[in-house]
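The following pair of complexes shares a single chain, subunit A, combined with subunit B in the former and subunit C in the latter.
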Partner chain A sequence: MNAVSARRRSGRRLDSTVIVYLALIGVIVIGAILVATVGRSFFSAGNIRDILTGMSVLGFVAIGQTLVILCGSLDLSVPYVISLSSLLAADIMKGNPANIAAAVAVALGVAALIGLANGLIVTKLKVHGFIATLGMGLIIKGYLDTNYKGTSGSVPWEFQLIGATGIGPVPVSTVIMLAVALLAALFLNRTRVGNHIYAVGGNEQVARLSGIRTANPVILAHVLCSVAAAMAGLLLASRLGVGSPTVGTQGGYDLLSIAAVVLGGTLLAGGRGSIWGTIGGVAIFAVLDNVMSVLQVNPFMKDVVRGIVIVAAVAVYTGRQVERRRARFGPGGSATEREGDAGPDAQAPAPASASTQPDSAQPESTQQSAAQHNSAQLDTNVGDRS
Partner chain B sequence: MSEQTPMAPVPILTATGLSKSFFGVTVLHDVGIELMPGQVHGLVGENGAGKSTFMKILAGVYERDAGVVTLGGEPVVFGHPVQAMKAGLATVFQEFNLLPDRSVAQNVYLGREPRRAGFVSQRAMVRQTQALLDELGIDFIDPTARVGSLTVAEQQIVEIAKALSYDARVISMDEPTAALADHEVALLYGIIRRLQARGVAILYVSHRLKEIFELCDSITVLKDGALVSSGPAAELDTNELVRRMVGRSIETFFPGPVGGTTVGELRLAVSDGGNAFVDGIDLELRAGEIVGVSGLQGSGRTELVEAIFGAAPFNRGTITLDGSPVRIGSPRAAVKHGVALITEDRKAQGLALGQSVLDNALLVIRGVFARRTAAVRKEIPGVLSSLEISSQGLGQEVQFLSGGNQQKVVLAKWLATKPRVVLLDEPTRGIDVGAKIAVYQLMRQLAREGVAILMISSELPEVIGMSDRILVMHDGRIVAELPAGSTEEQVLSAATGAAASAHEGTRA
Partner chain C sequence: MNAVKTLVSPRGAVFLLLIVLLVAITIRNPGFAEPDQLMRFIQRVAPVAIVAIGQYFVIVGGEFDLSMGSLVTAQVVIAGNLIGQDESRSIPVLIFMFVFGAVIGLINGVIVSFLKVPSFIVTLGMMLALLGAVFYWTGGAATGNPADSFRQIGRGGIRDVPVLEFIPWSVLILAVVLGLAVWFMKRPFGRTIIALGDNPTVAKYAGARSWWVKTSTFILSSLSATVAGILLVGYAGVHPSVGRGYEFIAITAVVLGGVVLGGGRGWVVAAAAGAFALEALFTLLNFYDVPSTWRDAIQGVIIIAAVAYSATTVRSRRRARPAQASPTPEKEERPMEGATRTATHTPLNAGSAHPEGDKTHNQGGL
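Take a look at the complex of A and B:
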């Protein structure tokens, strides 16, 4: 019984989402102290609103990016989709609240088509997502540069409220973003195609041999990613009051969203990660930005800090992810316990085998495991795959 | 052996006249088998006998060229492994089809996630997986545990649970114990007995004859892609089985030593070497000597040469090279000491596939002896032509060469370093006979020049035909040293653990 529960526990390791939120708490604590040293309050309503506002746009983009990265692809076209959707929405609204629904539908619909094209290029033409979406981004950029010389259209006051109001210190835009995150998390966890996104990203061959049509999850992830980027574009339009052909690129949302996803513990190669990890990553960026703004850090220095955080985070994750070949012998040449992680509490061999052995074998094997006790402790230090 | 449930008279699976060839090479010719419900049927044969091909045809991985398979009396054709699974024929391959980052339950139900009201129910998935594990009598695997955190044995159980979830009537297992420790094997036995009791037929492929006799009700022997015999296990004993598996003379194409070859002074000695994968390694290689290493897959052969080469260095014991103690802590150190390793997987570890023949041949020289590059560069055409590499020139990318020519490029790469000790890991795997003979001749030539050679091979005729001595490995240790001219039976019985059981006595 004891051994069983010990092994059950050892079967898990600290979830990377938990680590992300521990890191977030660490960043908040350090940030709060630093902010306090300049005589300001980190936890004031105004400051919290600033941080949450900073999270919402990147949050939308990063949620979509998470889906795409989980299935082993990437989306570099998001900044252009953001700009395009802000322009489409503002142009169609023309300051008239009656046009809001149509504008939103067109912006999201066009984005869905762009995502569909990305997904088809990746799955049918077998062009890696990096290149497929880079090309798609350039195509949209060309269209924007040709047709728009500057801001365009006009967003009615009713739509601007989305970016301007809040419930207490929580902006409406952040609430919507978190709702979308919840939907995306449910999608990944509670739909077959969501589950298959992990499978395709983890090992396409295994997914295919399990009877999964491997193109579908990838195409759907690309569609949803572009739609999420369009939502970010709509939010930016509501904040600016106009559509802008450069609002996406200025924010650097392509690489920043990828960084947030990876910071959130999602494997860049796909197959492992979570939406909530990504939200944690987005929050870490938002807190860092906020603290550095309050401290009036030189803007170039901000990028240095962001860069260090991203690289350090990925170094920590990869350090944990290396899985080595199972050791057969410990440092002294003794055979290691094959249960591997069992550690000092290791009992006799696997329970089921004990039941198949004659009773007389029992005391002997217990003795042996006691004799190996010391070496087993050493073994776990060296032999354990970290 | 056949004391369990009364045998149903009707076989659950029959295969007759199965044939398969790849690129004109016949790998399976007119092989048939009958599996009875609740029976374990052993499938044995040497490497290359066609066991894996046979299993893969049954599993729907390969399409057969000829033959009929019936499952439950109905003729079946599977174009995809999932079709076979759904029909009730599941296969547990040596390489698991599992996603390490997903949970046990998610892996078991991958592609068929149970839904409630249209949504995947992780809870139902966990509950059903728990039920499957309970049926197998497994209480130490948590259905929510990440598969990557499980041991190999536990992952295998997950595969078996997956097979069970398809209501498999036939489960074939490819070398299921190859990577298991002794007590884990007992666990697998228990599971197999439970499956038998449920009336599942099991096709059991193994090299370990002890297991075959312990588990199987009937045994089919394959050799060189053809059926040797198929019948009740009770009619066979170990000697007879081994004779049927290997019964052929060593082929004549192994060249003898080049005239003037003498086994000279001690080149390389390892004393009590060990690391996490091998232990108690005592080894001597003399100039001009070819030493063969035999052993089953996973017995630590590759780990042994990787340790000598510094890729996974020894962390205890000593290495002596030409009389002076050396420390080889990295491949770079090994190369500097004149040790070469021809790796098992030439595509992944031996060659930069997108680079030219010349670049590959100079790879080690440029990396370790950069100052010699210009001089060696001039010798490369000569080395390549002496190996009779047929390529379109030095500039051709190696990925477009045949397997044999690729292997020659790997050899050229190492010959360029003028090694004193050459370690070869499966040097003739996947290359044609002509190239094999070229490799053998090169080995003889190197021996003539005083190089010490250690060759790992799974092909028993090759080990016996080329070696001056044969080391046999089992479970990370060298368990036997056999002289030249040993029989395949002797090597096989040492490798399958018959001789090893004495050494194994101390293991828990």
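Take a look at the complex of A and C:
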């Protein structure tokens, strides 16, 4: 049983991510052809570097966003966290290489506190993640608008190298981003809390009934998401050489990162998805942007294309996922498989759900029918007597 | 006494908030309570409130509409460019705008219903595409100014009214839209929207045409964005930034009104009141000379606090809903059961976690 479900599981999980990468290959092929028609080479080292550079910032944000979405929440405060961390870092560095460590620590630390606040508001005050992080974003925006009139601070050359150098055609920033992605993937698949994130996102009630403290994974996911956003902010600071209060909002990273996550096959409702799918989604965006830049598409038309591609790409595979999700608790549903991949800790949910659901549903109806039965008997008894 | 209870309850919390804010404004600036000032205030809120009413339909049906702000912008730009100074074009363009809005809603709804793409993504894509298309069409800077008669819808009104002195058209339009929305939500179709948002499976078993119900909510939201656009053309003029961020303001207003994100709970009047409360908050911050840069932060705090208040008092029991999660073999019984469940689980015991809630329910039944 376990072996069978494990095999089916790996097949299915591969499926979702594989489709993302098939879509990516499709976009690359079409893009390469289009680029070739204007007499440019898609696979030149310079172009590949452009694409990979384009991936890095959105990649950081999307990795964090994946964690939050997996546990059934959202983070709309990321653009402001990005701006704030870029400003904090640039202000503390003041162009002095000796301050780099302190600046990075402060930026990441402040972001972690923001994420902690988000997570506590979502879990303890029961505010929907959408509203909690929207409100938190406004609070940070208020702080930024009040204290910064424009770009501020300056980043030393040593730190700018992170955004500027590369190993062959691969920029260092992208390597760091992929390393973070690897860490996040290991965290999700190999650690207990990582598995709990899937469990809580899939069904909070069932997760709680099977003994998971449902608040902790959500809080941790929010903290990690804000820290990832701060990394994106640091990277942007290193590229710009200064901190900027509008760098996050200009990029539209909140909605784009959510789109990239969903494009990568993660369910917006949570509980299903993977980091590598998200990276694929980010890559699709980067390739798309690059091809449109090379073709010199009107910048406004780019948004139109982007919008259509987001919907079309998600449409290609969501239909199947919805079907799969629906069959979750039915005969042959995927509940056991999904909880199976959450390791031994989370194996309880399937039986727990199987037993609690009928419990909650049946006594009511049986009792009711029993009561009706009794009253019916009483009636006949009465009738007999009279 | 009962009224006080209702006001403190989450259902009425938004009205309490609104009253507190209005009283605070009046204390600071007694002139605000004058009828004409109030009318001006309602006139300013009208577009936001109408967008919030449209967003209410979508949210109570269990979806999101992020494309509303872009649609408002698109309609404003369309009105500016197509009508121009030619008054005779007003009516045809007006009709075109409504058709255009309905088509956008139809596209959103059909993609959500048939391609099963999450509405968040569909309307996000629509938002990008609409805004991009509008800017592409106008070259990034919207120009054109519609004829004055058209702009009167948003800025004009009936003058020399006995007590109120001045009734703006937008106040009347808001009243009509709100009245229609309340009437609509009381009709079977409106109830079906709530049923669909609460539990799609049960709604389907009960015989609702899910796709059409869902699509119609998107059409309604797009039409209300169109109405808001028409009002804003008059009130704010033609500018590509008109309507920016309206989708988030509308969602915030709806949630402030106690409507549950995810669908199935909420009252349309409370959603409109949420828009009023939000605008009253901005007005209050104006009157108290709060530095404009801090307004966003205060808005953020109040939104979180208001939602936390209603969320911790009555927990949404959406996640505890059993019917969707466990399709048991006896399918025929489920719709009935779901119906009684929704009916008997009053918000009173919704606060308790599900298993306990069921126990009390069973005891009550016995």
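Before moving on, here are some points about what is shown:
Throughout what follows, the second predicted complex is superposed on the first by the 308 of 386 C-alpha atoms of A that agree within 3 Å, B and C clash if a C-alpha of one lies under 4 Å from a C-alpha of the other, contacts with A are read in each partner's own complex, and residues count from 1 in each chain.
Convention: a residue touches a chain if its C-beta (ideal position, glycine included) is under 8 Å from a C-beta of that chain, and two chains touch if they have at least 3 such contacts.
For clarity, every value in this text was computed on a predicted model and none was experimentally measured.
In the superposition on chain A, A:Ala89 contacts neither subunit B nor subunit C.
Contact with both subunit B and subunit C is seen for A:Asn203 once the two complexes are overlaid on the shared chain. In the superposed model, A:Arg190 makes contact with subunit B only, not with subunit C.
By the touch criterion defined above, A:Arg272 lies against subunit B but remains apart from subunit C after alignment on the C-alpha atoms of chain A.
When both complexes are overlaid on chain A, the residue A:Leu234 reaches neither subunit B nor subunit C.
Of the two partner chains, subunit B is the only one touched by A:Gly211; subunit C is not. The contact surfaces that subunit B and subunit C form on subunit A in the two complexes overlap at residues 203, 205, 209, 328-330, 353, 356-357, 365, 368. Interface residues of subunit B, counted against subunit A in their complex, comprise 80-82, 85, 97-102, 106, 110-113, 115, 119-122, 137-142, 145-146, 148-153, 181, 183-184, 186-187, 189-191, 274-280, 300, 315-316, 475-476, 507-508. Contact residues of subunit A toward subunit C in the complex are 121, 125-128, 130-132, 134-143, 145-146, 203-205, 208-209, 255, 258-259, 262, 268-269, 298, 300-311, 314-315, 318-319, 322, 328-330, 353, 356-358, 360-361, 363-365, 367-368, 371. On the side of subunit A, the complex with subunit B involves touching residues 3-4, 7-8, 10-13, 186, 189-192, 194-196, 198-199, 202-203, 205-207, 209-212, 267, 271-272, 323, 325-331, 333, 335-341, 349-353, 355-357, 365, 368-369, 372, 382-383.
Across the complex, subunit C meets subunit A through its residues 66, 111, 115-118, 120-122, 124-133, 135-136, 140, 248, 251-252, 255, 261-262, 291, 293-301, 303-304, 307-308, 311-312, 315-316, 319-320, 322-323, 325-328, 333, 337, 353-355, 358, 361-362, 365-366.
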